[in-house]
Amino acid sequence: MKIHEYQAKELFRQAGIPVPDGQVCYDREKIPSLIANLNMPVAIKAQVLAGGRGKGGGVILAHTTKEAQAAAEKILGMQLVTLQTGEEGTAVKTILFEQGIQLKKELYLSMLIDREQADIVIIASRDGGMDIETVASKTPERIITVHVNPLLGLQSYQLRKLIFGLELDPAVTKSFATLVKKLFTLFLNSDCSLVEINPLAITVEDTVMALDAKMEIDSNSLFRHPDITAMHDSSEDDALEAAAAAHGLNYIRLGGTIGSMVNGAGLAMATMDLIKQAGVEPANFLDVGGGASAEMVENGFRIILSDPNVRGIFINIFGGILRCDILAQGVVTAARKVGLSLPVVVRMEGTNMEEGREILAQSGLDLTNATDLNHAASLLTEMVQ
Amino acid sequence: MKIHEYQAKELFRQAGIPVPDGQVCYDREKIPSLIANLNMPVAIKAQVLAGGRGKGGGVILAHTTKEAQAAAEKILGMQLVTLQTGEEGTAVKTILFEQGIQLKKELYLSMLIDREQADIVIIASRDGGMDIETVASKTPERIITVHVNPLLGLQSYQLRKLIFGLELDPAVTKSFATLVKKLFTLFLNSDCSLVEINPLAITVEDTVMALDAKMEIDSNSLFRHPDITAMHDSSEDDALEAAAAAHGLNYIRLGGTIGSMVNGAGLAMATMDLIKQAGVEPANFLDVGGGASAEMVENGFRIILSDPNVRGIFINIFGGILRCDILAQGVVTAARKVGLSLPVVVRMEGTNMEEGREILAQSGLDLTNATDLNHAASLLTEMVQ
Amino acid sequence: MAIFIDKETRVLVQGITGKEGQFHTRQCQDYGTRIVAGVTPGKGGQKMDGIPVFNSVEEACAKTGANATMIFVPPPFAAEAILEAVDADMELAVCITEGIPVLDMLRVKSAMAGKRTRLIGPNCPGIITPGACKIGIMPGSIHLAGGPVGVVSRSGTLTYEVVHQLTSQGLGQTTCLGIGGDPINGTSFIDCLLAFQDDPETQGVVMVGEIGGSAEEEAAAWIAAHMNKPVVGFIAGLTAPPGKRMGHAGAIVSGGRGTAAAKLAAMRENDIHVCENLGNLGSLCKDVFSAVLS
Amino acid sequence: MAIFIDKETRVLVQGITGKEGQFHTRQCQDYGTRIVAGVTPGKGGQKMDGIPVFNSVEEACAKTGANATMIFVPPPFAAEAILEAVDADMELAVCITEGIPVLDMLRVKSAMAGKRTRLIGPNCPGIITPGACKIGIMPGSIHLAGGPVGVVSRSGTLTYEVVHQLTSQGLGQTTCLGIGGDPINGTSFIDCLLAFQDDPETQGVVMVGEIGGSAEEEAAAWIAAHMNKPVVGFIAGLTAPPGKRMGHAGAIVSGGRGTAAAKLAAMRENDIHVCENLGNLGSLCKDVFSAVLS
């Protein structure tokens, strides 16, 4: 789960990590009174979860009150388009006014889970403010990585590797080391999957300060972080994905014309691939989970049908312990209940498959049985012709 | 390093571990005013580092103010003899008045380093107030042990093992689990080598409370615990051992007649054994360390000579990197400086051994060279005949 | 032979009295698995379908000789359940639980270094040696005992699909296991491939991967260097968009890494028989494995 | 042959610029040890007697190919120095430092599980393969190269005494090492015995123990079960009083456990040739080992 920069900075503040003074604003009316209390220069920053907001015009540095007013009015409420938002962009509902800082230098610092080494990796670079992927590919020798064992925690020799690697001025090392230690503690305590500070400023006073803050929290850990869970801003979520999540369904919209409903994430991905190989575009990923009850199937239908692009549906269920007759009955009931009018290809496998097929055939609905995956693929190809 | 019960209980209090209300008293004059503020019954407990004080009469439970006054006057200042003090006993300079507690049951709980498994072991028993060694040998099934990995820390299933094993009433489990967790944290944070609560009371309110508290701190860790270092009470230390320690020498008094001065702990122990095998009793263990400078030798002489039982001295130095001529010169100088009058057998090995022997022979002092250990042993046998 | 489990495996179920635990314990027992004990703290002394329930894994092992555990403990407590199994020196722990926090698994993984316990999962369907022992939630009936094919996968139902096609082609399985869909898991592809390589009954292996991480790439390199049995490979998620987590916590393409295309390329470069179309997997296996079988 | 170190061992010194580090680095170099690098944080780029000094072990290893380290870092930082060596995947770490807090060593020991680094010590004299490589503070000159005796001990100067007597008898040594006097250490007696058992050049072993713990008892049992080379055993501390720490942090008899008598009994029961009197150790070895040598 991503949180906004201003929220991450609030967590930074609580953890004792220096950030610039800032004020959040949701309301155009309040812009003048807020600005009246700020010293110039000030940065006005769109609070959106999508990355790349700087290039999209979502961050403006203002040197005068007038400039600040204009910038804030421009950004708050704008439809911000970045590389990650798609063409329609995302509405800016919150902005952050942040005190300008006099700095000597900008660094890059991040921490994330390394799944291959099963530890936490700290990445740092002298090239603050730049895209780290670019730095990594062009000047890999300027990237310093440190792998931290989660049980042992951060060790002094690891801090020294960062400090020597960044060629920090001795006057800054203590302030830097303190920040890294606090950030690492925050990473652990908040169950982060990513924390990124880019840029991390070295100020003219030889202290360090987080000018930006990006935080992603492991969704599996949210049960123990009610405070962070409450920070979730669903306004940038896809409406259908949010509705599916509310029903405990894993749904991702893909933009094609053939909806699919599958039990199990791996089989759901393979089903998307199969639809594509049949010459049509998958409309979605939808994993109804291991159980696939009649209620799940009904909710799945509703979600798929809410996507206006969908022209047909492929149900691919490997029943496993679930009996096919029960599943078929669920599909028929749900189809009637939602008033299904689109063609549906059903491929199911497992116990009582014959009885299940019989139920579908008898239903009078436009439900076609596929005998296997290849048969299903040819039915899908026909469906859209 | 051992600390007193009242000191351990102060650390318990700071760690949030329940202990009875208590008052420390060093001064007989203040006994009446202290007692005036206490509710009866009250326990009066001698604060000595030696174990076994209960059987030695160092703990009295008083039910009236009068009894308390009498008990306090009896204990404060007494020469307490226990199994661990030797016949002369130890002077009680501090007593603890402690509020009596209404209890349902007494448990035993301790934590210590397990050197074989390289972890921390928690030991618990339903038989509170009894000697744990006795319980372990007579009813081993009543001892519960849990091994805790120092990196992972205490896990819930380990707490459950203690709780189920002690057959605790469900009303007490939460209070007990909290105490164990806090005690474990204290163990780690204070670098304990042992923490023992015997008895651990279950009160009539179904809470737990540490009625006694024994703590030993790893001496190697004291550099990071100035507060605990300051708790050290040297009054029960052997005067010679304390003087040696002040000079960085490892000295332990053994009571025999032949003093020894050796470099290295293992060789020093083997030298004690050798003296015993030569038919005489070792007066001490003395390790002057790897360096064995003239100053160390001089201090060693002074310590050994302060023991009135000593009739002769055996210097056994395996020079290693130290040159024997340098060592011999140091011995001669030190012997003259301290006015040595006892016979000394010197066995030294290493570089420039011949020159060293020559220096000793020329010195005019009663210094006999031993050519090897067997020769040294026969010289020691002769020395006391 | 098979790998990791056989007829002699004595299975304990952690969380046996929960809804899922009860259901799947019965399914496994019906399949023939020797379920010898259950653990639910506080329910020690009770029985579940005649299976004795204990308060702790240590006690259950001591009294029943269990050497493997199947874990159905909810996410907040699952990591500790694994640690309890490790502490009790179990040979095998199969953790079905989905949704364990990543940091919990990092700690578990680190704590398991140097211990003898093998962890399969978490977030996995489990492991089955057809006809001998099933520790997991897969439907037993789709399997065909006796080998010669080993199956290893990051997925659940996709594995069933693969097994079903193998069985339909008359290709039996030695052992089938899902290593789990989480970013941090216990047993890796390579661990399984190594075991299959050493198992005389296994003549070929199907390896089913998906987007996210680089486990498939590492496995492919290992296969080229060490494996002399044919491997058929399949990767799910060619059409998955970047930056989106596809159901499994570990199934995500991020920063251009973990794509299906890269995994397929690694497989092809390392002489793995890549299955392009899931519908044909069974017949491809028939072709590939019949060469070594004849 | 010998064990753990040989002529090819490339040694790094952690804490090379300290007083002790400098002195013993020179001694080792004089003996013929290949000292290839030093580490002192903040002194990277300097040289000590022509030996390049680095800021980190990782860098030193990368640039010099060091595969063993000798640690002379003060107690408050020594545990971390070991962890740094482990993290850099060194083959061998020899920690001379005395006075490391026990909890630090517990953490180090736990963190080393499953890693390839072998730790010798802490609080030890080090290890020497006479004539080939010396990593430690023992006087090189007392040793006699070429075997056939291996020496393992918990002590420092007591080991020198033993080696001196062996050399006086014309008995050379394959490798001699002190495993350290602390309660928690890296390499155990059994680890060394196993290595000596597997070393064709070693024909017999001298094992020197002392009071405290039960490492000697465990080693004695292991010897009876696994060792087919003669072992001469010696235990220091028969006259040590209970409850007193005899110099070494680990040398203490407590609760009736760890006595010299118990250790000697365990040795006798397990066919170890016990040396009763240190003065006769050399001649006893001559008798015992000449049987296998002839």
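Letters A, B, C and D mark the chains as written, and numbering starts fresh at 1 in each.
In this section, a residue touches a chain if its C-beta (ideal position, glycine included) is under 8 Å from a C-beta of that chain, and two chains touch if they have at least 3 such contacts.
Just so it is clear, the model here is predicted, and its values are computed rather than measured.
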Between B-C and A-C, which chain pair shares more contacting C-beta pairs?
A-C
Computing the C-alpha centre of each chain, which chain sits at the greatest distance from chain C?
B
Calculate how many whole Å lie between the centre of chain A and the centre of chain B, each centre taken as the average of the chain's C-alpha atoms.
59
Quick one: chain A and chain D, Cα centre-to-centre, how many Å?
54
Using mean CA coordinates as chain centres, what's the chain A-chain C distance in Å?
28
Listing for chain A: what residues touch at least two other chains?
149, 151-152
When you check chain C against every other chain, which residues touch at least two of them?
107, 110-111
Category of the chain touch graph - line, ring, star, complete, other
complete
Considering the complex alone, what residue numbers of chain D touch chain A?
41, 44, 55-58, 77, 80-81, 83-84, 87, 107, 110-111
Using the touch definition from the top, list the residues of chain B that touch chain A in their complex.
151-152
Interface residues, chain B side, partner chain C - complex:
147, 149, 151-152, 155-157, 160-161, 164
The chain C residues in contact with chain A across the complex are 27, 75-76, 99-107, 109-111, 137-139, 141-142, 153-161, 164, 181, 183-184, 208, 210-211, 213-215, 218, 234, 236-241, 243-244, 246-251, 255-256, 260, 276-280
Interface residues, chain D side, partner chain C - complex:
113-115
